[in-house]
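Per-chain residue numbering starts at 1, and chain names A, B, C, D, E and F are given in the order in which the chains are listed.
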Amino acid sequence: MSTLHTVNKSPFDRSTMASCLAHLKAGDAVLIIEDGVVGARKGTAFAATVTAAIGNAEVFVLGPDLAARGMGEDDLVDGVKIVDYDGFVDLVTKHDRTQAWL
Amino acid sequence: MSTLHTVNKSPFDRSTMASCLAHLKAGDAVLIIEDGVVGARKGTAFAATVTAAIGNAEVFVLGPDLAARGMGEDDLVDGVKIVDYDGFVDLVTKHDRTQAWL
Amino acid sequence: MKLAVLVNEGPYTHQASDSAYQFTKAALEKGHEIFRVFFYHDGVNNGTRFTVPPQDDRNLQVLWSELAAKYNLDLTVCIAAAQRRGILDEGEMKRHGKDGNNIAPGFRISGLGQLIEAGIKSERLVTFGD
Amino acid sequence: MKLAVLVNEGPYTHQASDSAYQFTKAALEKGHEIFRVFFYHDGVNNGTRFTVPPQDDRNLQVLWSELAAKYNLDLTVCIAAAQRRGILDEGEMKRHGKDGNNIAPGFRISGLGQLIEAGIKSERLVTFGD
Amino acid sequence: MSEDMDDDVAKKFLYVNRKAPYGTIYALESLEVVLIGAAFEQDVSLAFLDDGVYQLIDGQKTTGIGMKNFSPTYKALGDYEVTKLYVEKESLEERGLTVDDLMDIVYEDEDDDWEEKPSIRLVSRAEMAEIMADQDVVLSF
Amino acid sequence: MSEDMDDDVAKKFLYVNRKAPYGTIYALESLEVVLIGAAFEQDVSLAFLDDGVYQLIDGQKTTGIGMKNFSPTYKALGDYEVTKLYVEKESLEERGLTVDDLMDIVYEDEDDDWEEKPSIRLVSRAEMAEIMADQDVVLSF
């Protein structure tokens, strides 16, 4: 039994990503969408928190949202994976429940 | 010449209050309204930041918003003052400009 | 798989409606069933036919209505949230003595029980908000 | 003093409209002049007459309309923001071939220049948002 | 899972509340879902974490802001058989609050001779993560 | 201040941008105000701080999210005589960015033989506070 968590806000502006990562269980996945994708960038004040989470859970970003914010694969914290909307759907069906951090 | 800054969000959820306090000038005033009032409570993880700001600028909270969140004068960080909507208007006219931190 | 989608924000101001639309479309194209898309909070504002977005921009209401027509999708707008925000169908218009209505094609107004039912009847519920 | 007010969010979902209303009312009662209240972003949703809030709740549209009537207040809804969000007056209805309109009494639809003018002509501009 | 099982077995619903009341409508409209949902006889829990803990604070007075005080509704949840209100300890601490700052919310336990029991259950962040992981449907407000 | 002076002397307008683009409409609708406002011949500056710096990031591609890419409009601001785009250095640093990650935005300086000059002016947080304190009207998005 595992959860897909979604986060859609920048960790520099909102508490949702930090709160989400503090409530993960082993085997969970986090999908970062919309403005949240800026939190997956390497070299930021938040990057270490993302790296720490990857030891525990898989972390994904939505590619179309990443591209809209001028970022690509090379900009990401190591271990963060990219999915498209199709992959988003697959993550939802793969995990037992989806929890949005709003 | 001085500025009235308004902040309406909790510092535990949003970056606006921290950003506002980091951009104050001596003689400015900060008016905390709506959900922001929880940031003026004493004994919180944010209280020291508010106390530090009071050395530089006046800090006010809107009383009606404070009461709605079950708080009163005794709950506030030392030095934070309470105004009502009338006092809000007076602060706007007293300072040369108003800047909302959204 | 049987999925349900909850949209909590109106069009344009927040990306929630865009994300929900892209997700719903992808799920349908992959052959999943969407039991219901439920619009709550400001999400009810997706269901007004009065919008006129700029010509070079997407028209979210039309996109939702077209998706509903193509896949026989259930787009349910919460009645209580709609009343606060001024979304009316013919019945609500008459019931409240209003002089017009603005519900868009393919959307229907119903109660919050429809959200709970979506949670019960679907295998996954995916929420898009602020 | 001559003040202007900018309202960036719709009614109920965010407190912005309530705060702006209480502020505007207090300023008027103290004898200040409100040059204009400008509704931008989702703030345009304050100007629909289709809302039916619960009977034990405040009706923000009515409160604004009454304040406008009492003090001859200028309530301006941004035309570009209104188009995206489905707020129409008679003129906009005809211009876009829509079959109805929903603008509330005391509100008018006009351009963004009215916001800039409010900034120029007023001594203070106070913004309420999310 | 078959369609029949789906309908017969109660699902575990968790309502996650992370936002302060009044500044936005989410707390109120979340409560409206909880009240409607109570009629469906599912296994309902509410989680209060981050700024959501302010929804339960005692002594809310809203006349000054012209809005309806909906906090008494939390006290009525027991009548709807909504009796599990999980509050995160760390969220309280960061905000200078203790459980004594919250409303006194109770329910009558029908399995224990209708004894009055507290609905608020203080849990650690780790326990909250366990509770979240034990649900069928999570609704976030 | 007399009514006449009010109308005759240009006011200093500052547009404060603190939010990332696309996730919300504020960045786009802020830009729409700037463009309309340019016709009023006031003294206009734009401030980009906190997540607002993402509005200026280079290489935005929005086809995948079905939204219009409005970032080219920032490059056109010089044509509207909007030439002061203040970007906060600390905000960039916290986000792992440098000014090289931003779009190349220039204007032609009519006072200097139409020489092409950068519109983006990197400032410290303390300098940003000075700029904010030097305005007549501050519009926040």
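The rule is short, and it goes like this: a contact is a pair of C-beta atoms (placed from the backbone, for glycine too) under 8 Å apart; a residue touches a chain by one contact, two chains touch by 3 or more.
Just so it is clear, the structure is predicted and the values come from calculations on it, not from any experiment.
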item	value
Minimal step count in the chain contact network, chain C to chain F	1
Any chain that touches chain D and chain C	E, F
Chain whose average C-alpha position is farthest from chain E's own	F
Of A-E and B-E, pair with higher C-beta contact tally	B-E
Distance between the centres, which are taken as Cα means, of chain F and chain A, whole angstrom	29
Rounded Å distance between chain A and chain D, as computed from the means of their C-alpha atoms	38
Set of chain E residues in contact with two or more other chains	18, 22-26, 50, 65, 67, 136-138, 140
Of all residues in chain C, the ones touching two or more other chains	12-13, 15, 19, 22, 41, 57, 80, 84, 125, 127, 129
For chain B, residues that touch 2 or more chains besides their own	8, 12-13, 15, 34-35, 64, 84, 97-98, 100, 102
All pairs of touching chains, each written as two labels joined by a dash	A-B, A-C, A-E, A-F, B-D, B-E, B-F, C-D, C-E, C-F, D-E, D-F
Chain D - residues contacting chain C, complex	10-13, 41-42, 45, 48-54, 57, 80, 83-88, 92, 96, 98, 100-102
Contact footprint of chain B on chain D as seen in their complex	1, 3, 8, 15-16, 19, 22-23, 25-27, 30, 32, 124-130
Contact footprint of chain E on chain C as seen in their complex	6, 40-41, 80-81, 84, 111-113, 115-117, 119-121, 123, 125, 127, 129
Chain F partner contacts - residues on chain A that touch it in the complex	8-10, 12-13, 34-36, 38, 41-45, 47, 63-65, 67-71, 84
Chain A residues touching chain C - in the complex, by the definition given at the top	6, 8, 33-35, 64, 84-86, 88-89, 92-93, 97-98, 100, 102
